[in-house]
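In what follows, a structure is listed as structure tokens, so that the remarks can point back to it.
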Amino acid sequence: MANNESKLNTTPLKATAKSDKQKFLQAGTIEHIDVTKQPGIVPIVDAMRTMAFSSRDLARAADIYERMLRDRECGVILTLAGSMISAGLKKVIVDMIRNNMVDAIVSTGANMVDQDFFEALGFKHYIAGEELKSGLYDGELREHALDRIYDTLIDEEELRVCDETTGKIFDELEPRAYSSRELFREFGAYLERTGGPKCDDSIIYEAYKRDVPIFAPAFNDCSAGFGLVAHAAARGDRPRMTWDGGKDFYELTQLKMKSKDTGLFMIGGGVPKNFTQDIVVCAEVLGQDAPMHKYAVQVTVADVRDGALSSSTLKEASSWGKVDTVYEQMVFSEATLAVPLIVGYCYHKGAWKNRTAKKWSSLLEQPAEATA
Amino acid sequence: MANNESKLNTTPLKATAKSDKQKFLQAGTIEHIDVTKQPGIVPIVDAMRTMAFSSRDLARAADIYERMLRDRECGVILTLAGSMISAGLKKVIVDMIRNNMVDAIVSTGANMVDQDFFEALGFKHYIAGEELKSGLYDGELREHALDRIYDTLIDEEELRVCDETTGKIFDELEPRAYSSRELFREFGAYLERTGGPKCDDSIIYEAYKRDVPIFAPAFNDCSAGFGLVAHAAARGDRPRMTWDGGKDFYELTQLKMKSKDTGLFMIGGGVPKNFTQDIVVCAEVLGQDAPMHKYAVQVTVADVRDGALSSSTLKEASSWGKVDTVYEQMVFSEATLAVPLIVGYCYHKGAWKNRTAKKWSSLLEQPAEATA
Amino acid sequence: MANNESKLNTTPLKATAKSDKQKFLQAGTIEHIDVTKQPGIVPIVDAMRTMAFSSRDLARAADIYERMLRDRECGVILTLAGSMISAGLKKVIVDMIRNNMVDAIVSTGANMVDQDFFEALGFKHYIAGEELKSGLYDGELREHALDRIYDTLIDEEELRVCDETTGKIFDELEPRAYSSRELFREFGAYLERTGGPKCDDSIIYEAYKRDVPIFAPAFNDCSAGFGLVAHAAARGDRPRMTWDGGKDFYELTQLKMKSKDTGLFMIGGGVPKNFTQDIVVCAEVLGQDAPMHKYAVQVTVADVRDGALSSSTLKEASSWGKVDTVYEQMVFSEATLAVPLIVGYCYHKGAWKNRTAKKWSSLLEQPAEATA
Amino acid sequence: MANNESKLNTTPLKATAKSDKQKFLQAGTIEHIDVTKQPGIVPIVDAMRTMAFSSRDLARAADIYERMLRDRECGVILTLAGSMISAGLKKVIVDMIRNNMVDAIVSTGANMVDQDFFEALGFKHYIAGEELKSGLYDGELREHALDRIYDTLIDEEELRVCDETTGKIFDELEPRAYSSRELFREFGAYLERTGGPKCDDSIIYEAYKRDVPIFAPAFNDCSAGFGLVAHAAARGDRPRMTWDGGKDFYELTQLKMKSKDTGLFMIGGGVPKNFTQDIVVCAEVLGQDAPMHKYAVQVTVADVRDGALSSSTLKEASSWGKVDTVYEQMVFSEATLAVPLIVGYCYHKGAWKNRTAKKWSSLLEQPAEATA
């Protein structure tokens, strides 16, 4: 060896157990995505399976959702938080309903009432100019009765019509306690008797037609909340309808008890995530040893380090006995990027074609009404 | 100039309007914190005022909270999301109640029931070992009936006692619809008649004693939800109590309508944040042109770019007519770091000493019961 | 109006200037993505343009990159931080080089040396099992000489061969100061004379063949750093080659001075982002009033609230005179999701077909060698 | 049991191994911080030890730093990324130097040159008004030659003086290759011969006086980079000084080889983090089996899910053989909040009083100059 060559020390690498190094390398090698040959959703997601970071997680989440759909015994529950409908994901969810890719929806009230029902009444969401995101124009927006969601605008005058419509629907109900599921069916019936949605697609309407139950466990915290208050104020001391949040929990738990195997597709976290995970424990409280959710996928950018539920891992949920850990995957992505890829992938893979509608709404309407 | 010196071009800096550069520099210069001389909370926060990033935001938030407390006309509403009580912030909030630093609390159910009431029943939260945060032991934790919140453990058997206790309290109530505020008062009364909390401090108990109303707008989504379901299952067709989430909204709005000026101290986002901001609009729906929340502070690590409400800026809220923008500040920090500093600062500054208790619970108990 | 109907107050909405509300609504309405009809990259990105949040930002970023490619006067500089090559993005970048979609690359050393050159030597990156992400097996991985990057494994023994190879290349160079660009050309020449890369694609090799310069402004901070140290240790007091980081800055600035219009496609932040933005100011220091970067796109999940450069907005860069603000867009997404969509979109749109190679390496080799 | 009581099912909790549940509960219970009685930094951090989330992590990080200081054999290396000096942390770091709480600093160039040296030349950083954070005024700031770092302003005309001063210092050096450490000593010497810093405190000056070496492994990527380019341009073909980044790596590795036990206090990530971790491997390359860094603390808000080095866990570093995992802790906090608490805690605990200065600069000046 010539004098001026470097003498790199490669020997003392401490690979003391080289013989079984392979046990860590079973999962294969990273392969590089080729965007010149793979223009479609299915090959894109397929290519992501051998990449790293969020892309691999996304592919794995798509595989798990695909597996839920292939599992004929499994009921699929979609949970929805964040402003997903105003962000352009309405048709994705409507297509999930139409094609038996979801059996129940647990959502924030805003996604269903302020956004889906709002559009069903014929209104639209507007694209905000980039400069509005700075917040410096919010005072001026207020003067124009325009509400901002990050980069999107809502005409507050139109939203007030939505508020008012929910109040009118409540005014016509017989005075008793309702679950949010029952109320969403009333919203669907309202759309039906007023000529259907005044837009191409509506989650509430589609779910109404196909017996897919929708729950909003914080139903008071949305446009419908104004309707509830207006109804209560108008009735004064006379009997009135109320929203019974406990009944929501009871009903969703009954679905778990009847369905046994369940899979969760969670978009964002919040109350919908926690509430839906909790039905496993609630079934136990009611004396039935229901299995944990068998599959679970969550798309979120929430940071696990604040200890909040929205970001809590699905493994953590398993310590509570809520989610099984064999088929669980979190995807670190804002939902408008990841959800079209995951649902598009599973739509085109077609497992839903062998799936029959579970029609959980009708399941609830007999015994639930009787006992609750 | 010597030949070998560099000729740096400093002239063409385009400072075309140098004469008014000072208009951007009015806020003063950055001063460096000195930790050798400033050991106390007050001088630490004072020093942060002339630093940058989260420290300056924290100091400004403390100043705004201080300003809320000095404003005799202003009612202070605390909103709570995330597992804050299990994380060690219980006494901070109890001290806020004791010293007239808060007039109403809007919280996730879990903070109040699963965590504060749980500790009031004599149970404790446990510190989890570092390795448990990996999630790899969650299956084993499940076998031992230990629930994990990030780095904290709860004994599930103890939590079931908490669930059961809520059910017992509900069983004893006369069958009608209740707001969560009314139910929290029943929890406080339960503690009173069973000898007080079995620990040093309890938010629910302290609030009960001092007429500070507590709301959980998603009251079904916590330990009490199990109690609601158990109560409903036990009652079957017989009359029963229900939780009326619409009444929560009605009551909190009435406080806004009676109080006029309000300030928000928000720890985390979620339903408590949205719900509390919405009461301004709800007052308008009820025909009263209530002013926007005059002050608003939020401590959160949520990322604004997912468009969700938890992370939405307080400026954005002003486009909805909910929050005024003169005195608003978000603090990017996990709450266990920022909240002790903010509350500690304001405690030691002492503005609360000139403040009288608003006793909003009693305010609600006369007219609200009558009209709602 | 019947007595029991709610009387919602919709009048006092303060839309005092309704007549010009439309000025905020020019950008059109949110349209919902249809994943059943749009399987390809181009229609997916097109659909995202009228969605919200990250999807709209991604579509806008793709449009800006497309615009850079259509602008015949514009030189495109790619900056790379984060472990992007080990994550499966190598072929995307090689295709950018092959199709005249990039004119210069500024990267962390690791992406180029530890990952691209490493694969060119015939080695692979391995997919790590999910459980390894917990960190609990890292001690065991160390014993097996396996290095982990989040969810990916590298065989340290293979990486040492890469380190050693860089040292060998340095040993054969004449002793003088080199820019990292010159050294990457030596890496390319090494691959050429040893039979080409031992894998399908190599960024360093493709850039060498096509005269696309590569810079690593922190060239000491990667596998090549070990080579530099080994070379220095072996040479002792005798003359040796050195890496001259100042020359990197000088050379990249010269490209800016010769090219005038430039566009930045930034993946991650770090030194590559800052260094490349700074060449505008450096041109000014050298006495030439170079225009700001005309276009700028960045894909990152870094949070702006820590005040660090990686997350600093492109608007902020404009206060420094570095980036123009007409065509700039940040995309909040982990890169493995967003980059294939952006590059795939622009590849299939085909603006690169009318673009000629700028061959910036040869541009530098005449005057730069003479003057620097 | 009365008929109308709920029958909660608490039995089937699957706590199959109750007898050893205690093994998970050894770490004690959560105790609630009391801000009324604990105004000082030390009791605040002490109270955080039994809280959760970031507060507990911060207390553990403070304990580890305290442990580093008590370990007489351990050399402490501070790494600095992000704009920490402009943010008000200068005096904290100066106090660390003054009180033997740090033995070497590895920093971004900007913290040392653009910020500390800049202030030493008599300039100041300015507090930006809240509205400037929106980015909408950045064009106007540019016109006024004001540079923005998030919420802080720099007068670009003053910064050009700093650029120019570095060029002048380089012009006076004998033409050879320098490590950044040598160049920082020249900066210190410049301050000394021009009458000391024109402000209360300077890291570069204090480190110069106390033989604490400072490295900037990407020294070209800051104000000094402009100086390097100006110097090179002025010299033309004549001999000139160069910055030798490989020598930085060689020198820092020699410190590791001589010191053996080392502890890292990392503020932010970036090149300083990676570079400093790598010296363990580099020592091995040079034929010495140096122990991993024994202690490691990092304060960062970077998200681990992008796979980048800045956010990579200290456990992951241990798979590379860089950091031992017994005493390592990451703290999820923006640095201006956490660093004053950690350093303040350790300052007041006083372990540094028993520590002697390692004077690593002088250590390097004998053998390093001879061999490198």
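In this document, chain identifiers A, B, C and D correspond to the written order of the chains, with residue numbering beginning at 1 in each.
One rule holds for everything that comes next: a contact is a pair of C-beta atoms (placed from the backbone, for glycine too) under 8 Å apart; a residue touches a chain by one contact, two chains touch by 3 or more.
Note that the structure is predicted; figures quoted are calculated from it, not measured.
When chain centres are defined as mean Cα coordinates, A lies farthest from chain D. Here the repeat of B-D among A-C, B-C or A-D is A-C, since over half of its contact pairs match by residue number.
Chain A and chain C have Cα centroids lying 33 Å from one another. As a whole-number value, the distance joining the C-alpha centres of chain A and chain D reads 41 Å. Averaging Cα coordinates per chain places chain A and chain B 25 Å apart. Across the assembly, chain A contributes 7-8, 14, 52-54, 83, 87, 135-136, 141-142, 146, 149-152, 156, 160, 163, 226, 230-231, 233, 285-286, 301, 303, 305-307, 321, 332, 334-335 as residues in contact with two or more other chains.
Chain A meets chain B in the complex at residues 81-83, 87, 110, 135-136, 138-139, 141-142, 146-152, 156, 160, 163, 177, 217-221, 225-226, 228-233, 236-237, 242-250, 253, 268, 270-271, 274-275, 278, 281-282, 285-286, 300-310, 312-313, 315-316, 318-321, 325, 334-335, 371-372. Only residues 4-8, 10, 13-18, 20-21, 24-36, 38-42, 44, 47-48, 50-56, 58, 83, 86-92, 95, 124-129, 132, 137, 141-146, 149-153, 155-157, 160-161, 163-164, 167-168, 170-171, 201, 226-227, 230-231, 233-235, 238, 301, 332-338, 340-341, 343-344, 347-348 of chain D touch chain B when the two sit together in their complex.
On the side of chain C, the complex with chain B involves touching residues 7-9, 12, 14, 52-54, 131, 134-136, 284-287, 289, 303, 305-307, 321, 332.
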